[in-house]
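Following are the structures in question.
You will see chain A twice below: alongside chain B first, and alongside chain C after that.
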Partner chain A sequence: MLNLVASTRLTGGRLSLNGNDLAEGQGEDAEMLRALYTAVGLDYPKFHKMDMYARLALLASEPLYRMLRADGADIANAIGLITLNRSGSAATDVEHWEPVRRGETASPAVFVYTLPNTGAGEITIRHGAFGSSICLVSERPDCDLLLTIADDMITTQGMTHVIVGWSDIFAAPFANGPSTTLFAGFALIGHGAGTPLTPTGLQAILTQH
Partner chain B sequence: MAPEHPSPQPASKPSSRSIEMDREELKRNLKEQIVKQLNLEEVKPESIADDAPLFGEGLGLDSIDALELIVLLDRHYGIKITDPKDGRTIFVSVNTMADHILAQLAAPK
Partner chain C sequence: MASREMKILLGADHVTGPLGSGSAAVLSAMLNSTCGLRPEQVPGGAMASVGRAFQQQHLDRPLEVQLLDCIAHCRAQLSEDVFSTHSEHAPRTAVILSTTKGEIGLLENGDVESALLPSLAERIRIGALLHASPIVVSNACASGTLAIKLAADLIRVGRYDHVLVLGGDLVSRFTLSGFASLHALSVEPCRPFDRTRDGVSLGEAVAGVVLSNDPSLLAEPLGEYIAGGMGNDANHISGPSRTGEGLVRAVGAALRRSGMTAKDIGHINAHGTGSVYNDRMEAVAFGRLGMEHVPTNSHKGYFGHTLGAAGVLETILSLHAMRHMQLPASLGANDLDELPPLNVLQAIGTPLSNTLLKTSSGFGGCNAAILIDAC
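For the complex of A and B:
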């Protein structure tokens, strides 16, 4: 049986842990994420070099890794990670393409983030996590599949816990909505203490309401 | 018949004092450009020492930053580095970057 240990959500400029606000950031997307970075007390200069998607994923997952570290979890070897998004790196792809379209030299620092799994990459680098990980791109989270993967990571791959996170930045050229819609939801799942987690319960954490 | 274009006038040789002033301004500009282009938000340009190592124990730049510095030279100074290995000597510090830029700008085209 999989249990929910804790969850975070980052939406509307607020980062919450288990439903309780941890930090708030004002302003446009980049400004808001920078304010949250300061508010949660992150000291990780590389954050400012990341694309918006990786910053979003890193910030939203940070409280869960802090909790694991405080509990003495083996983050290096025994924490699995499943990251999900809908838009992949579309927003960064557009940013990369703009100078190319103008005939200018593209930025290598932008180019390296034109992959959908950069959030997972930056999270695992920051926390020195070498456990099982997977990145999935889909229109919406398939929570039955996600719980199956998480259970497999725990029962057959030696993970004690799995962090499952949806984070997405919707790029304007591919949508009829606002320029970007930032949302992230992360769940820390394990076999031990926690609240029984159903696919519906996971869906509520990973979906913007 | 008069030439269509006037003959180019030999450039006047700048004094050593003006070169030094240009060099100081160039270094200030470089520091601001490095901070901006490399998104070093927690670094103030004026805190970068002219001879501080850009990589390793200095600013702690990485391999992607090295590529960004190549782009910086191209965008701001029109200087192309075709062999990234040249960066090992050019990107040692702000001083060496300024030396390279001044040498390239002074070199005959």
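For the complex of A and C:
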């Protein structure tokens, strides 16, 4: 039986933990994420070298890792991570491609973020998390599947908890699709203490309402 | 229902890449030392060796076309088409798609929305008459090996009976320009594990293999899945760990779950990209794992680094090679790097046992390892 230990959401410039606002940031995406970085008291200079997507995933998951650290959890070995998104690295892909399209030189610092799993990479680096992780890309979270994967990480792969997080950023200027969106929702789940978690409950955390 | 005794078999495979189409034909070309890499000018003006397979077809959506063709080839080898939306088994099946950049050419042409991976997955669902969109695994260059592991895990826990794992990526101006900006491309065909290796060669390919708990579905199984593992370097976003920590953890987890030790491994098909740091990281990791003696190769000297396809493509070809007791030489490894020493195959070799260890590592510091007994 999987239980929800805690959850975070980052939407509309607010970062919340278990439904309670932790911090608020104003302005455009970059400005807002920087304000949240300051508001939650992060001191991690690498943050400013990351692309927006990695910053979003790192910020939204931060309160859950802090909670785990405070509880003495074995973050190095026993915390699984499933990261999810729809747009992959699309916004950064466009940033990489624009100068190349114009015949200019690509930026290596931008290119290394043109993958959907960079958020997971930055989270595992920041927290020294060596355990199981996977990055899935889908139109919307398949929460029944996600709970199956998380349960298997705990049951057979030696994880005590799994963090499941959706974070998505989509830059619209070159697209016909939806306008710019920025949203993240993360759930910390485990077999121990917590409230029973159903796919519907997970869906509510991982999707923008 | 899931049980400990459940066997998960692999088969009904197909590959298409720079060395042609069909797993047996591609392996045969490799055993004849055929290199599918050719020099071309990349964005920015430099020359690099590249493994082309699809671009000359001038298709708007080359990856989609190739993936659908690959699915058809895999399904044609099954005793029953369980993946069709018309099959009563369809709800017990899934397709897992491993890719890093998908149909990235669409983004180059300004259609960002259609270039998104869920959009590609949905077109594959429609084009192949699947009952659900493929599950997309995108863990950089570890994606393919991780996708096979995920497929086996989902069968083991009883969620599905049959999973088709697909891998695919294109050589695009997008990726060439990026790797060129990192000064990561080799002018000559890449030389994994060679002392003079100086970078990767990018290649494009699609590959597909079916995993199933029903032996009657696969006329000629390629292998039996044993166990898998994953691990993070937690070190650097684009550079491998100096200690090989994530890879050691991935292989260690697979060994623990299988009850095997280093002595049981018959062949290692390594990631072996030909970059200075990746290959050294792997040598350190396999050394730490006590696997220096195991016949090891990289396939990338034949068709380049096929990114999200690599793990699927190279697993399939390695299993065919083990079945024929002929492991391809690690093409380009002419003057082996000395430290730490590995048993890198410089000529066609034979496996020590029928157990394959396939590993992959990628940007973001992710590593995946799977153990499969060749049939």
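The working rule: the second predicted complex is superposed on the first by the 202 of 209 C-alpha atoms of A that agree within 3 Å, B and C clash if a C-alpha of one lies under 4 Å from a C-alpha of the other, contacts with A are read in each partner's own complex, and residues count from 1 in each chain.
What we mean here is this: a residue touches a chain if its C-beta (ideal position, glycine included) is under 8 Å from a C-beta of that chain, and two chains touch if they have at least 3 such contacts.
Every value quoted in this text rests on a predicted model; they were computed, and no experiment measured them.
Engineer: State whether chain B or chain C is in contact with more residues of chain A in the superposed arrangement.
Structural biologist: For chain A, the partner with the higher number of touched residues is C.
Engineer: Just chain B (first), just chain C (second), both, or neither: which does A:Gly19 touch?
Structural biologist: So A:Gly19 meets neither chain B nor chain C here.
Engineer: Have a look at where A:Pro196 lands relative to chain B and chain C in the superposition and call it first, second, both or neither.
Structural biologist: A:Pro196: touches no partner chain.
Engineer: Just to be sure I read the superposition right, which of the two partners does A:Gly72 touch: chain B = first, chain C = second, or both, or neither?
Structural biologist: Touch partners of A:Gly72: none, neither chain B nor chain C.
Engineer: Using the touch definition from the top, say if A:Pro108 reaches chain B (first), chain C (second), both or neither.
Structural biologist: both
Engineer: In the superposed arrangement, which partner chain does A:Gly41 touch: chain B (first), chain C (second), both, or neither?
Structural biologist: After superposing on A, A:Gly41 lies clear of both chain B and chain C.
Engineer: Does the superposition put A:Ile134 against chain B (first), chain C (second), both, or neither?
Structural biologist: The second partner, chain C, only.
Engineer: Quick check for you: in the superposed arrangement, does A:Pro116 touch first (chain B), second (chain C), both or neither?
Structural biologist: second
Engineer: Does any part of chain A touch chain B in one structure and chain C in the other, and if so which residues?
Structural biologist: Shared contact residues on chain A: 105, 107-108, 112.
Engineer: In their shared complex, at which residues does chain A touch chain C?
Structural biologist: For this pair, the touching residues of chain A are 76, 86-88, 90, 93-94, 96-97, 100-101, 105-108, 111-118, 120-122, 124-125, 127-139, 142, 145, 148-149, 151-152, 156-158, 171, 174-177.
Engineer: Which of the residues in chain A end up touching chain B in this complex?
Structural biologist: 34, 45, 48-49, 104-105, 107-109, 112
Engineer: Which chain B residues qualify as touching chain A in the complex?
Structural biologist: Checking each residue of chain B against chain A gives 37-43, 64-65, 67-68, 71, 74-75.
Engineer: Using the touch rule from the top, collect the residues of chain C that touch chain A in their complex.
Structural biologist: 43-44, 100-101, 104, 107-108, 110-113, 115-118, 121-122, 133, 135-140, 146, 150, 153-154, 156-157, 159, 173-174, 177-182, 229-238, 245-246, 249, 253, 257, 362-366
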